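Below is one structure, written out as structure tokens; comments come after it.
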Amino acid sequence: MSENVSIRCGLIGCMGKMGQEIRGYFTTFGDRFVLEIDKGFINESDRPDVIIDFSNPAALDSTIEFCKKYDSPLVIGTTGLNEENLARLKDLSKSVAVVQSYNFADGINIVREILEMFGRYFDNWDGAIVEIHHNQKKDAPSGTAIMLKNSLGRELPISSLRVGGVFGEHTIIFSNAGEVVRISHTALSRRAFAIGVRKAALFAIQAEKGFYSYRDVLRNSVNH
Amino acid sequence: MSENVSIRCGLIGCMGKMGQEIRGYFTTFGDRFVLEIDKGFINESDRPDVIIDFSNPAALDSTIEFCKKYDSPLVIGTTGLNEENLARLKDLSKSVAVVQSYNFADGINIVREILEMFGRYFDNWDGAIVEIHHNQKKDAPSGTAIMLKNSLGRELPISSLRVGGVFGEHTIIFSNAGEVVRISHTALSRRAFAIGVRKAALFAIQAEKGFYSYRDVLRNSVNH
Amino acid sequence: MSENVSIRCGLIGCMGKMGQEIRGYFTTFGDRFVLEIDKGFINESDRPDVIIDFSNPAALDSTIEFCKKYDSPLVIGTTGLNEENLARLKDLSKSVAVVQSYNFADGINIVREILEMFGRYFDNWDGAIVEIHHNQKKDAPSGTAIMLKNSLGRELPISSLRVGGVFGEHTIIFSNAGEVVRISHTALSRRAFAIGVRKAALFAIQAEKGFYSYRDVLRNSVNH
Amino acid sequence: MSENVSIRCGLIGCMGKMGQEIRGYFTTFGDRFVLEIDKGFINESDRPDVIIDFSNPAALDSTIEFCKKYDSPLVIGTTGLNEENLARLKDLSKSVAVVQSYNFADGINIVREILEMFGRYFDNWDGAIVEIHHNQKKDAPSGTAIMLKNSLGRELPISSLRVGGVFGEHTIIFSNAGEVVRISHTALSRRAFAIGVRKAALFAIQAEKGFYSYRDVLRNSVNH
């Protein structure tokens, strides 16, 4: 499905930072928000082609109800889902397409794919990961750095820097005696995630029912 | 074949810069040079397991004779081969394994493979290549930059910087509205090539007769 | 003056992108906006300690009137000022402090100072500048790249890349036969400028009357 | 003194890695080695304009004798000098110019000067240092990283990576909420040090008697 199609969207968590970013980005494509939900706020005017949920686990029951009511596929980026939450989403995926991911940034998912496929080419190379984030970030190493390390399937030292306002930089360094290869990802802003969410929404609209990750969205995007 | 095996090598162009680098690196593995050839110099003491040629096209006839005499496979990095030279090598490959490449650096070949496989993931991203080399390098853009661009199968602007003593840096930059992905390769020294030559030598020793590129060496290395 | 002091501000161009960024940033320090002006909008409730103008040359007369009316110093980042505009600002600076600059980013001004002071240390090194900006930027090379080159007082090749959403990256590369020194600046967001504007505002409030550039703000900040 | 002048050199430690690098580099300027010393090796054919010592503390007595015998200034990069060694060098500096340093790389010394002069400009910025070296380097953080931190006069986290054959990379990162400034130094090879040694030799030849560091060499180079 071309990215230039206009979508009628449902948006759960429409007042949150990601909710606002999603609306701002989607609107540039002429998308309309026919269902908008946030704490104490409901705007329901039409059937959505897809429902997007970036809110919190407590909203999940209501979100699932809306998906069933409208037979709408779901794209969900809510963090902190527990086993039971995930089980409910998998149950929902028997009726509609569900895309669930904790990271919708297209580029970071591409980097993960590269590391998974090419990690073994670097088996005889030394490796390390450096990740840089703003000074408000509390966890170290970042979840993304751990994900990247896991995608390599080997142990690597991770250096975490917390400085200023850096939105998010991850660099994987490989070196042998004669060469250095670096693969780095820089997130410029929340826009990175909105781009991936819209890609996932377009995927979900035409996917068969089932439970999908962002990886399925990514792979599908290059096979069409 | 483990990289720790010792090899009996033939080395054509043993006095050249690459010849000396190859000897220096191979020797750290206990390899011996039983056949050494350069202009006005011959040292022939035993049958080589493999013959390595980093000399010039004029030496090709002699190199091919040695390969046939000893039934030794060939690894050849000589530059400036013409059609007829290549035809003769292909003819030789009906008897022994021949690995021919203009760039034996492992990392740059890995980067090329990554770009070939993942280039289409970046179809909707902007892209550019920046390459930096020492101020003695005369051509711009570098042959490697052109090779990398071709492996992407799309047009990209290439910026060439010529400064100081930089041995060789290539960076491919992709960016969309929210993210930047950079893949960069730095050659630290001629050692980069010696490492790849030894990998190719080990490959050639146990390969079936045939004509191979470094890509075959690379792919084989991760399937064993 | 400590950056933690609260300021009563005047803001000309309060609806523009920089106006909104300034309000958002200043508010985190408890600053209040007692004079706010934009096309068809006036909010005037008190004497401002300093007036900030990020609007357009057409507003200059009105801005100067406000500065005189309240005896308020001025920080002006309006672009496209002509000779006559500047003459009028210099005239105003006989009564109050005026800080005028086209680039209030603290870091880029620091980099310029470094290049001015240390440029001659690199006289025997090769040099080059690489600047990367989003694909909407029309001019190339960037004004900042030209400013950095001029601060070195020598000719340097400038490579300009226009990709995706990169807000602004400038890298100066020096290399001799054995070393590479790179000085790079990355603007993360418009916030970069708001930080400098507030520094300039605090400077202007306690400066003697006179005409100042951001350089004066910068130098003053390390001498106290 | 122009760098194109030819020098008659003394070289203590002429067989060591730095000794050979120095000879290789100096020779490209037409310099001659009229005094060469190493363990069990002496070549003494003429008075040297300057004596260069990259050997070990045990050779110091002999080196000082040669300086006195020929009234030659000294450039010494020998590591592991103790208090007594340094006292003896200071004593020698009453008769001839002595340049003593543990790091003759021009660029790293320039970076140190920049940090010393501009460190306070970054007082309100977060900072960090990342240093990358080959996997044979045993100490971490590197002595150079510690020197750079000290030149800033503030505490900074240092991340040390040990991978492959990286000769030596140091990056100082500063970031506030809106910007990132990075100053990085890459040593390409031992050549980096030979360049600085020759600069020091030319300085020593025309300096007044006295005890100098590389900083004096550096500052002198831009004042002429």
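By letter and in written order, the chains are A, B, C and D; residue numbering begins at 1 in each of them.
Please note the rule applied: a residue touches a chain if its C-beta (ideal position, glycine included) is under 8 Å from a C-beta of that chain, and two chains touch if they have at least 3 such contacts.
Keep in mind that this is a model prediction, so the values were computed, not measured.
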Chain pair with the higher count of C-beta pairs in contact (B-C, A-B): A-B
Centroid comparison with subunit D (C-alpha atoms), farthest chain: A
Distance between chain centroids, defined by C-alpha means - subunit B, subunit C (Å): 50
Separation of subunit A from subunit C, taking each centre as the mean of its C-alpha atoms, in whole Å: 36
Rounded Å distance, subunit A centre to subunit B centre (Cα mean): 39
Subunit D, residues touching no fewer than two other chains: 125, 164-166, 174-180, 188-189, 191
Residues of subunit B defined as touching subunit A within the complex: 3, 105-108, 110-111, 113-114, 117-118, 120-125, 174-195, 218, 221-222
Touching residues on subunit C, where the partner in the complex is subunit B: 125-128, 130, 132, 134-135, 157, 159, 161-166, 173-180
Sites on subunit B touched by subunit D in the complex: 164-167, 188-189, 191
